[in-house]
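Consider the two complexes below, in which chain A is the common component and chain B and chain C are the respective partners.
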Partner chain A sequence: MNKSVFIRSAQQISFQQPLSNEWMSSPIFTTQSLVKSLNPQFKDYLSPLEARRMGGLQKRALVATLKVLKECNLEHPDAIITGTALGNLICTEQFLESMIENGEQMLSPTHFMQSTHNTIGSALAIYTHNHGYNTTYCHSQMSFDLALQDALMQMDLGKISNALVGAFEEIEDGYFGLLQKSGYIGVHGMDPCSEVTVSMLLTSIAEKENLCRIAGMCICRPQGIDDLVEQLDAMLQKAGANRTTISAILSGKNSNPSCDNYYNELLDTLFPKVPTLKYKQIFGENFTASAFGLYCAANCLKENYIPEFLYDPCRNLRCNEISNILLVNQERGKDYSFILVQKI
Partner chain B sequence: MKPIYITGAGIISAVGCGVMENIESLKKGETGIGPMHYLRSRHTDIPVGEVKQTNDELAERLNITLPTTFGRGALLGMVALKEALESASILPGQIPKRTHFVSATTVGGMDRRELNYSNEKKCGKWGAEIATYNCGDFTSDIAERFGTFSSVQTVSTACSAATNAIITGANMINCAIADIVVAGGVESLSMFHLNGFNTLMILDREQCKPFDANRAGLNLGEGAAYLILESAESVRKRGVTPIAILSGWGNACDAHHQTASSPNGEGAYRAMKEALEAAGLQPCDIDYINAHGTGTPNNDQSESEAVKRLFGENIPPLSSTKSFTGHTTSASGSIEAVLSIYAALKEQFLPVNLNWNTPMEEGIIPVTSSKSKREIAHIMTNAFGFGGNDSCLILSRSNL
Partner chain C sequence: MEELIQQLKEEIIKALNLEDVKPEDIDPAAPLFGSGLGLDSIDALELIVLMERKYGIKLKDPSKGKEVFESVNVMADYIMKNRTK
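Moving on to the complex of A and B:
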């Protein structure tokens, strides 16, 4: 990555106070295994007619995006790039259920129309009359990271100078039960399963309002630990950093041992003396939750403050100075994503 | 923009397994669309473009132990990926470093889930894994059959997804993230999307008739295709011969409606224009257009308008190969790129537009004779998706 890229604005809707960074001072904790989003006042952004026509996830995605665009004083971003593992899950489940139960008869097109994964990204374009580059990545735990990588590539190539990048996920009880049986979420003692809405604007323009700089990123499926270290070190070096210059690591640990073991092994081997942070205890787990991580790191860098509850209890190290944060996301010890963000 | 070399391809569709069979069918004018035979649906009156093999027959081609637990889409993907890798001299288990896999799908593993759906409420871990098998798991299964790619990615923008996967791959090479990207898409037929398109009332009960005044909708198809995209340096280093060049691409959003295209084809026009500009070509340089051409009244009208806006009076020969394969949705972008490369650029013939009889009012007259009036050097392929995700590729003859 050769050009400077900044996060100009980022907004979230989760089970924390929506569209706000109140979570930094007044976080909401939960002991439930499944927590839905706390919806903002949609009527502040959408007319009642518009709101009625849209599903919950679509409304959250749109409202978070409208707030980001307003903060940036921008009408049309150059690109809208979306990461979502499951898209409009509720519509998909409803269409599937009625198709099977009604024996493929008497079906309404509405749920099908909303069920494709790109519905959210294209709905954002339709609502904001945006003809720019528009695409959607649906690759499980890497979906958001891939969307971010695409934005960085196009900025690097000079095709765009800003991009709206978002991560969107919803959940319903039946599907949660299935994910729980599969062992992905809902494991005893694990961080809650949540819904994801994160929208952010990346820009190549240095402005005082920017939250942080994205100094580098790398998505890989390494052929063993040596390959992983080589790729990570190459990314850090290109960003003018190395493993000893990292202020803190923000990992995707979720208190499910089958997931955390991969993180622990990596962090203990490569970063034994670096303070580690985690965010899923307050934002929850879902496939594109890594976007909460980037949102969280951007806010910590902007405020120059790491709330105590973000520190990973398994490591008793605290940050003296926060100049950068390395984000780590992984799936099944197979796919890894590293993002280096710096204070401006 | 540096050119991206295409050094291999693999395909499976209703008109054949492998590049050779597909091109033979195009030459002979034999469609793969017919009565439903493999898909289990009550709507047997709807013609479809099925791959003429059972899941077990597909698995046998891949030496997978029977009965296979893979879904149909994964098997189709593996068959196409195997051919693509072999044609580019990449051996299974020996994927070169900095080789990535970017694959498109929407249906993913839905075909397997819908058959197991009635057991879901009381299923165990395996049943839950089938139910929650997502697009990323699906792509990983296809990739892992052949070794470890440097990254594995899934793009899902409905019917333009495979084209967008190719665009992502090209950008990765241009940004020096990758030396080689295997990019394309895969879609199997499912009850889910057959019923979905049926509720939208855009399925023709007969063979689809793209660009015909009496067109009545599309026929769904299935298949997979992958292209091996490669940097010039990697081509030289590996000593492989390119089959074509990916010289330009464009992606724009119609931003009009979730399932309908705008009357003036704004998104399509922008995607084509951007692709031409990226390739450094003029409209008159394009020798053939493989249209999106679904056969729905809305698409063909909107696409005609966009093509007329960009090309004016001098519209190049244009056809929709969906009259052979059916609309293979998320795979269509790569399937049609492979068909166009081999037919038009390599063998210098124009795939005809089957079932066309009556011109649309102020519409485009598609190709009905496969003989090209001039040498074919540059071609354009269009893929437009739900939500107005419109994309376009320009493919050129390689002089290497």
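Moving on to the complex of A and C:
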């Protein structure tokens, strides 16, 4: 990236205290395999009339976004770019169930409106009267990363100077059961399956309130380890860093061996002496959980502090100084995403 | 008729997801659109679905909706005269 891009504000709603970074000092841990989000008081942000055509995920997305915009004193972001793998899953299921029950007749328009993947991005634009670029990425585990990359590329090209980027996911028992059967989540000893709401504002303006700087990013489907190393090193070099200057790595490990093995292989090969961190034990796993990783890293850099519970127990290394964090996300060892964030 | 009006109020609240509105808050003679509950065109579609699903009434002429959905009282009267279930 040629231009500097910063995270100005970021908010989350998860099973931690919503719209707060209390998780840094008082994290909530759980032994459940499926955990729903702790909802904020929606009535503090939305009137019942405004909220009545919104599902739970839509309300969470809107409230988190409103808080981000308020913190930035911004009414209309230049772009709204979201990532979601499953979209408004609960509304979609309600719509499909109604289709089956009523023989594809007499279907509720509200459930139909709520059931598309880009409903949230559209709702955010309608509510904030935003007529700018609006796109939703739906690419499984890479959905959020692609949304972020889109924003960074457009900012780098000078097409926009700020962007609202978010990741949104909800889950319910039925779909959880299907994902569990596939071995993706719900494996014994694994971090919980959760719902995702993360909203953040990227800006090209350097301000003291910014959380961190996004120094580089690359998403790739490498041909092999050599190709992967080449692409990672090229990204780091462009960002003025290299593998020896990384303070810590925040990975998407989730305590499921079928997932963690890919991370372990990569980290042991490329970063054997770098402290590693993980976040899914407190934010949970879902397709766009990598947004929690970026939110988490941004807060750690801003506070200049890494809570002990974030350290990966597999590696007994601690950070002396935090100047940057490399985020690693991968899907089945095929697709990889690397994001380098720096302290300001 | 009173029983139908009460049932209709409950069905409207449920179909339109009118949180914080109780059946007793709805004046059966007040306009449903514009003033009163302040419903909009999407609500009109929801009411058309409700009429068909719950009472077996298919509004073939959409322009008739304006007349039928004037108030809860008018809706109840129309249902009484045209219901098939």
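To be clear about the criterion, the second predicted complex is superposed on the first by the 343 of 344 C-alpha atoms of A that agree within 3 Å, B and C clash if a C-alpha of one lies under 4 Å from a C-alpha of the other, contacts with A are read in each partner's own complex, and residues count from 1 in each chain.
The rule we apply is simple: a residue touches a chain if its C-beta (ideal position, glycine included) is under 8 Å from a C-beta of that chain, and two chains touch if they have at least 3 such contacts.
Since the structure is predicted, the reported quantities are computational estimates derived from the model, not experimental observations.
Of the two partner chains placed by superposition, chain B and chain C are both touched by A:107. When both complexes are overlaid on chain A, the residue A:234 reaches neither chain B nor chain C. With both complexes superposed, B is the one of chain B and chain C in contact with more chain A residues.
Contacts of A:220 after superposition: chain B is touched, whereas chain C is not reached. In the overlay built on the shared chain, the residue A:99 is in contact with chain B alone; chain C does not reach it. In the superposed model, A:317 lies in contact with neither chain B nor chain C. Once the two complexes are overlaid on the shared chain, A:206 sits clear of chain B and of chain C alike. Looking at the shared chain after the overlay, A:53 reaches chain C, while chain B stays out of its contact range. Under the contact criterion defined above, the residues of chain A that touch both chain B in one complex and chain C in the other are 105, 107-109, 113. Those residues of chain A lying in contact with chain B across their complex are 80, 85-87, 95-96, 99-100, 103-105, 107-109, 112-119, 121-123, 125-126, 128-143, 146, 149-150, 153-154, 156-157, 175, 178-184, 219-221, 223, 287, 331, 334-335.
The touching residues of chain B, when paired with chain A in their complex, are 1, 41-43, 106, 110, 113-114, 117-118, 120, 123-125, 127-129, 131-132, 134-137, 139-140, 148-158, 161, 164, 167-168, 171-172, 174-175, 177, 191-193, 195-200, 251-259, 266-267, 270, 385-389.
Remark: chain A residues 48-49, 51-53, 102, 105-110, 113 touch chain C in the complex. Residue ranges on chain C touching chain A, taken from their complex, read 15-21, 38, 42, 45-46, 49, 52-53.
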